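As C-alpha cells, the structure follows; a few thoughts come after it.
First chain written, first letter: the chains are A, B, C and D, and each begins at residue 1.
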Amino acid sequence: MSWTPELGLLLLLAVPLTGAVGVLALSRWPNLRESATLLTGVALLANVTLLVMAVDTGARPTLTLINMVGGLSLNFTLEPLGAVFAALASALWLINSLYSIGYMRGNHAQDQTRFYLSFTIAIAAAMGVAASGNMFTLFVFYEALTLSTYPLVTHNGDEKARRGGRIYLSILMGTSIGLFLPAVIATQVLTGSTDFMAGGLLAGSITPALASVLLILYVFGIGKAAIMPVQNWLPNAMVAPTPVSAFLHAVAVVKAGVFTMLKMSVYIFGLDFMRTLPAAHWLAWVAAISIVLASLIALSKDNLKERLAYSTISQLSYITLGAMIATPLAALGAALHIIMHAWGKITLFMCAGAIYTARHITNVSGMKGLGKSMPWVFGAFLIGSLSIIGLPPLAGAWPKLMLMMGATDPINRIFIGALIVSSLLNVAYLLPIPVRAFFGKPDVKKGKIPAAPRLTVIPPVLTAAGTILLFFAIGPILDFLRPVFESGGMQ
Amino acid sequence: MNASFAPDFLTWLPAWLVMQSAALLVVMPLLSGPIALVLSRGRLAWTWAIIISLATFAMALILYGQVLEHGSVEYAFGDWAPPLGITYNIDALNMLILLLVAGMGVLSLFYGLPSVLREIAPKDQAAFFAAFMLCLTGLLGVAITGDAFNVFVFLEISSISTYVLIAMGGRQDRRALTASFHYLILGTIGATFFVIGIGLLYMATGTLNMADITAQLRLHGDDRVVRAAFAFIVIGLGLKTAMFPLHTWLPNAYAYSPTVVGAFLASTATKVAFYAMVRFTLGVFLPGSPFSDAFLGLVLAPMAVAAMVICSVQALYQTDLRKLLAYSSVAQLGYMLLGLSMGTMAGVSASLLHLFNHALLKGGLFMGLGIFALSFGVRQVQDLRGLGKTMPVAAAAFAICGLSLIGVPLTAGFWGKYFLITAALEKGWWWAATAILISSVLAIFYVGRMLETMYLQPAPKTKGRSKKITAKAPLLALIPLVLLAVANVWFFVDASLPKGLADAAANVLFGGGAP
Amino acid sequence: MNGEFLTPIDAFTVIDLVFMMMLVTVGIAIVRLKDLFAIVMLSGVYSLVSAAWFVSLDAVDVAFTEAAVGAGIATVLMLGAMLLTARKAAPAKPARHWAALIIVCATGAALLYATVDMPSFGDPLSAPNAYVGLEYLKQTGPDTGVPNVVSAILASYRGYDTFGETTVILTAGLGVILILGLGGPARRKKKSVAAKTAAGKSLSSHHVVLRVVSKLMIPIIIVYGAYVQFHGDFGPGGGFQAGLIIASSIVLYALIFGIDAAKEAVPPSLVRLGAALGVLIYGGVGVINLLLGGNFLSYNTLNPAHPTHGQELGIMFVEIGVLVTVASVMLIIFYGFTSRQPDISDKDW
Amino acid sequence: MSEIIHILDTIRPFLAGIVLLAGGVIILIGASGVLRLPDFYTRLHAAGVTDTLGTLLVLTGLILFSGLTLLSAKLALVGLFLLLTSPAATHAVANAAHKAGLKPRLGTYHSNPPEDDTDVKS
C-alpha cells in the first residue's frame, strides 16, 4: 500500500514502538539490539522527511487515533512547526543513538536493554508531542515523555541518581499535573475544545484578565521549558549518562517544552491576542531575567556538564522570550532557535561525553592542553560553542538576529539588551574551554593519552558540520516556517 | 462493552432468568454463604464461592443489559405492590455499583486462594469463605435495593461480616482484633444513627419505599423531623463511608486485615456506603430543599477538601504500606465527596466515575501488596526494595495502578480527576480545583516513594532474596492483578462504560427526580 | 404537622410514665454500679420492665421478643461472658471525655429538635398510622388470611427484610464460630465405671432439686416453644421467639447437667449445620416460589388454587427457618463462651 | 342450680376484685420485707412469699375474672408452671448462698446493727 501522509502520522508512533519491541526481543544479542535501534532511527527519519515534504506542499495531514469521553480525542495534525520539531528530533535521535552505542560500550554500562527501550519509547512520545493536534493530546504525550525519560535519568541506580531522579520527577510531574493540567482543562471548559487553531483558540473569546491567569498557568506549568523558578530539575538531571543528557538537552525533552510553549502562544492564544496581554510582558521579563541569571551561574560552574546545563536553561529562555514578545519575527526567531540551539548544544554534550570516556575528566579546569591529543573533539567543541554564541558563519547567528529584530518596538527594546549581555556571557563561559585546551600546556605527564572511541568522535563532528550547513540552508527553512507566523499556519 | 451488544445478548437467555436476575443477584451469594459454611475443606469452599461469584457477575451483566435497554428495572418481592412490599428499582446509579462490586468480588476471590490458605487456620477456611460471600451479599444488597429499611438490613449483614473478616487477621497480627473492635464500635454507632434516621423518615412519610418517600416528602414539605432524619442518615452513612473526621477506624482496619479482605474492602466497602449517601442525599431527599443544599455546600465540601489534603499528608508519613494506601483511600473518598457536594450533574457524574476508577486501582494496589507480602513478607515501604527486578510482572502491574492513583494520562485515574476539575471550574469553585491538584501532587510523592524504592533500590541480600532469583508470584494471585492493571489502561482509552453509566445516573438523580 | 390530636392523659399513660421512670432509674443504676454480677441482673430487669412497657404500648410481639431475648438468653450469655472476665469492673479513670460528651449532647439535641414537629403519640392522622399502616390492616385479611397482622407483615409483606435479618443472625453466629470457636465436641472423660458412679452420685447429691425440676421443665419449655412457633399466625409469637425459648431450654440443660452433657445431646457440628439450615429453609421457600413462576418469596404460588392457604403455608415454613437459625445461633454463642474456660466447677455453686 | 350459677356470675367480678386486692397486698408486704429485713436469708423468705402466694392469688383473681374460658385454662397452666419453678428457684438461691458459706445472723434484732461484718464467715 502506498505511503500517505495519514499513514505517515501513524508510523510516527508505530515505528519507534515496534523498535522498542524489537529492542526488548533482541535483548540477549547486543549487536542485533543496537542494529534494531539504528534501523528504527533510519525508518523514522525517512518517514519524517516524507511528511515534511508533504507539509511543504501545503498539506495538513490529520489523523484521529482515539475518540474519548467528554468530547476529547487523541488526534494528530501535522503543521510546519510540528514537522520541523519532528525532523529535528528524529535526525538528532539517530545521531545520538549512534553516539550512545559508542559511549555505552566505551563505559561498559549495565542494563543497556532498559536504556535503549526507554530511549525508543521516549522518541515515540516526542513524536507524539510534535504531531499532536490539540493541547490534550500534547499533554498526554508530554506526560508519557516525562515517565519514559525517568528510567534514563536514573540509569546509574546509585543514591545520587535516585536523588536526581526524585527531583526530576517531582518538579516535572508536579508542574504538569499541578499547573499544566488545570490550564488544559480550563481551556476545554472555556472554549469547549483544545484544538490548535490558526490565529489562536482563545483569541477574543475570554477576558484579558482570565487569559493572563491562564497564560501564567501555562508558562509555569510547562516545566520542561525550564523557566527560572521551575528550572531546578535540569541541573539535577546531569547525574544521567552523557547520551541521556544530550538527548535531554538537544533531542527531545527540553525541546518538547519550548515547542509546547511556542505552539501554545501561536495556536492557543494567537500572536495578536498575546501582545495585548499584560501577563505576556511580565513573563517576557521573567524570561529575560532567567537568560541573564542562568548565564551568570553557568560562568561559576567548574563541572562541564553543569555549565552546559545552565547554558541550556538560558538558551531555552530565549525561545520563551520570543514566544512572550509574540511579534511574528520574534516567534520565527524562537522557532529557528529551537533547531539551531539543538545542533550546537548536542555537539558540546557529545564532546563532553567523548572527553569523559577517554580521560574521565569532567571538570573544565582539568581540560588544559587536551586539544593536541583530541583535535577532532575540541575542534567540534569550538564550532559548537561559536554556533551557540551566534557568530555569523554558524547557524546560531540567525535566531539571535531574528529575535533582536523582533524586539524592536519600544516596550520590548530592553530585551535586546538582555540578548546582547547573554551572548557576551556565552563567550565568557564557552570559549575559554577549547582555547585553553589547544594553547594551554597539559599538566598531565607526557605518556600515551588514550583516544576516545571512534563512535563517540564522529557524531560530534557530524553535528558541528551540521551547524555550518544549516547557516547556508536558512532560506528554505524560513520559507517552510513563514506560513505559521504570518497567517497562522493552518491554511 | 457498549450499548449495542445488550438487546441481542438478552434475547437468547431464558426469559425466566432475565426476569428474575434482580433477585438472583443477591439471593445466590446469600444462600451460598450458609452452604459454604457447611462445606468442610477450604479449597472446596473456595471453588464453590468462585462458581457463585461468577454466576453473580453474570446476573449483574444481564441486569446491565436490561438497564441499558429500558432505563430502569422494577422487581417486587412476593409480588406485593411497592408501598406495601419491598421492591428493587434498579437504574444506572445502582448498575454502576453492582457491576463494580460483583466484578471486584470475582477478582478478589480468584486472588484470595493462596493468601487465605497461608493466613487462615485450615479449620476456619470454609467459614471464612462463607463470611466473605455474606459480605459480598451485604454490599450487593445495599447497592441494589429500592427500600430504605432494606438498605439497613443489608448494611448490617455487610458490616458484621466485615468485622469478622477483619478480625480473622488476628492470626497474623494481634492488632487486627483491636482494629476490628474499633471498627465495630464506630460501625454500630453509624448503623444506629442510620436506622434512627430511617425511623424519623418513616414517622414523617409513613412509607419505606425510597421512591414513595420522595413523593410523600414532596407533599409533606420540609420540617424538623425531616431535617433531623437527613442529619442522622448522613452522619450514619458518613461513618460507614469514612468521611474525613469519621475515618479513624479505616487505616487500622485495612492494615491488619487478611490481604484478600483488604483488597476487597478497599475497592468496594466504602464505595457502597458512598453510593447510599448519594442515593439518600440526592435521590430520596428533595435535592432542592434549602437544608440539603446548605449541607452540601457548607459541611460536605470543606470536609471533602480537608480529607483530600490532610489525609494525603498523613499518607506521606506512613511507613506501613497498607496504612499508607488506607489514608490515600480516605483522601480519594474526599474527591468523591467533593463531587457530590457540588450538587451539579457534572459533579455527581465525575464523582461516580472517580469511584469506579478508584475501585479498580485501589483493588490492584492492595492485591499487589498482598502478592509481595505473600512472597517476601513485605510490610514496610523499605521492604519493597528491588522488587522491580525480583517480581517484574507484579511490580509493573502495581506501578500502573500507582500511576493511575496519581492520575497520570494513559491510566483510568486521570479521567476521574479530569472531570472533577472540569465540574469544579464550571461551578466556579476554583478553590476546589486547587485542592484536587494539591492532593494529586501529594499523591505523586507518596506513590513515587513506593515506585522508586521498588525499581531503583537494589534487592536486600539479607532475606536470601538476591537480584537473580525472580520469585514466582502465585499465578492465581497474579492474573487478577494483571487484569486490573489492563483494566486501568483500558478504561482510559475507552471510558464509555463507566462514563455512560455515571452520566445516566447523574441525570436520573437530577433530571428524573424520583429514580 | 402535629395535628390537633392530643394524647389523652389516662391510666395507661400514667403506667407508661411509671415504666419509663423505672427504666431510667435502672439505666442509671447500671451505669453507676461496679459489680458486674449486679449489672447483669439489672440488665435482665431492664429488659423485663421494657417488655412490660411494650405490652402497655400494645406492641405485644415486640414485648414477647424483648422478654425472650432480654430477660432470657441475654442474661445467661452475659453471665457466661462475666465468668470469662472478672467479678468487679475496674474503676474508670475520672478522665473528662469531652469529645464523647459533646457528641452525646449533640445527638440528644438533634433528637429533641426532631420531637418538636413529631405527631403526638397515638395520633390516628399521623403519616405511619394513616398511610401504609392502615393499608396493611385492610389488606392482611383478604391477602394472607393471617389474623396476626404483625406476623403477616413480618413474614410475607416484608418477608425479604426478615430473610435479611435471619442472615444477620447467621453472620453473627458465623463470627462467633470464626473468632471464639465452639470448643470441639463433648469431651468424653475416660473414667472407670466406679469413678463415673462416684461422680454421678456426687453430682446428683446436692443438685437433686434442680435436676428433678429441670428434668420436668425442659420438655414443657420445648413444647411451649413449638406452641409459640405455630401459634405465631394467630397471636403474638413466631419463629424468632420460639427459637429463643428452645435454645434457652438447652442452655438450662447445660447449666444443670454440665456443658459436656449438653454437647452430647446437641453436638456443636449439628448446631453449626442448624444455623446454615435455617437460612437455607427460608431461602428455599423463596426459590421454590421462583421455580413455581412467582417472584422471590411470593407464597401464593405454593397453592395456586387458594392463594391465602399458600401464604399461610409459606409463612409457617419461613418461621420454621427463622426458628432453626435463631436457636442454633444462640447455642453457638453459648458454646462459644463456655468453651473458653473449664467446666463450671462445683465450688461456684 | 341455675340461680346459684347466676348468683355466682353476678358476684364473680367482686370476688375477683377482692382476691386480686389480697394478692396485691401480699406482694406489697413481700416487697417491703425484702427492703427492711436485716440479712440475706430473711430477705429471701420475704421474696419467697411474693413469688408463691402473691402471684397465685393474682392468677386466681384473673381466672375468676375471665370465667370458664380458654384464657383461664392458660392462666391455670401458668399458675401450675410458676408453682413448680419459683420454689425451685428460691431453693437454688438459698443453696448457693449456703454453699458459699453465708451464715444467717442469729441473736436479738438491733435497729442499727453494729458494723462488724459477721454475715460472711472467714
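The rule is short, and it goes like this: a residue touches a chain if its C-beta (ideal position, glycine included) is under 8 Å from a C-beta of that chain, and two chains touch if they have at least 3 such contacts.
This structure is a prediction, so every number in the text was calculated from the model and none was measured.
A.B. asks: How many hops, at fewest, get you from chain A to chain C via touching chains?
C.D. replies: Minimum step count, chain A to chain C: 2.
A.B. asks: Ignoring chain C, which chains remain connected to each other?
C.D. replies: Once chain C drops out of the picture, we get A, B | D.
A.B. asks: Give me the ID of the chain with the smallest distance between its Cα centroid and the all-protein Cα centroid.
C.D. replies: Central chain: B.
A.B. asks: Any idea whether C-D or A-B has more C-beta pairs in contact?
C.D. replies: The comparison resolves to A-B.
A.B. asks: Measuring centre to centre, with centres taken as mean CA positions, what chain is farthest from chain B?
C.D. replies: The most remote chain is D.
A.B. asks: Report the inter-chain centroid distance for chain B and chain D in whole angstrom, where each centroid is the mean of the CA atoms.
C.D. replies: 60
A.B. asks: Could you please state the distance in Å, as a whole number, between where the Cα atoms of chain C are centred and where those of chain D are centred?
C.D. replies: Averaging C-alpha atoms per chain gives centres 28 Å apart.
A.B. asks: For chain A versus chain B, what separation do you get between their C-alpha means, in angstrom?
C.D. replies: The answer is 44 Å.
A.B. asks: Between chain B and chain C, what distance separates the C-alpha centroids? Give it in angstrom.
C.D. replies: So the centre of chain B lies 33 Å away from the centre of chain C.
A.B. asks: What parts of chain A, by residue number, touch at least two of the other chains?
C.D. replies: none
A.B. asks: Give the residues of chain B touching no fewer than two other chains, as numbers and ranges.
C.D. replies: Touching at least two other chains: none.
A.B. asks: May I ask you to sort the chain touch graph into line, ring, star, complete or other?
C.D. replies: Chain contacts: open path, no cycle.
A.B. asks: Identify every two-chain combination in which the chains touch.
C.D. replies: A-B, B-C, C-D
A.B. asks: Considering only the defined contacts, which chain B positions touch chain C in the complex?
C.D. replies: Per the stated touch rule, the residues are 20, 23-24, 27, 30-31, 33-35, 37-38, 75-80, 83-86, 124, 127-128, 130-131, 134, 137, 141, 147, 149-150, 153-154, 156-157, 160-161, 163-164, 167-168, 170, 193, 196, 200, 202-208, 216, 220, 223-225, 227-229, 231-232.
A.B. asks: Which of the residues in chain C come into contact with chain B in the complex?
C.D. replies: Those in contact with chain B are residues 1, 107, 110-111, 113-114, 116-119, 126-133, 135-136, 139, 156-161, 163-165, 167-168, 170-172, 174-175, 177-179, 272-273, 275-277, 279-280, 283, 286-287, 289-290, 294-300.
A.B. asks: In the complex, go through chain B and note every residue touching chain A.
C.D. replies: The touching residues are 403, 406-410, 415, 417-419, 421-422, 425-426, 433, 437-438, 440-441, 444-445, 448, 452, 455-458, 493-496, 499.
A.B. asks: For chain C, which residues are in contact with chain D within the complex?
C.D. replies: 206, 209-210, 213, 216-217, 220, 349
A.B. asks: Which residues of chain D touch chain C once you look at their complex with the stated criterion?
C.D. replies: Per the touch definition, chain D meets chain C at residues 81, 84-85, 88, 91-92, 95-96, 99.
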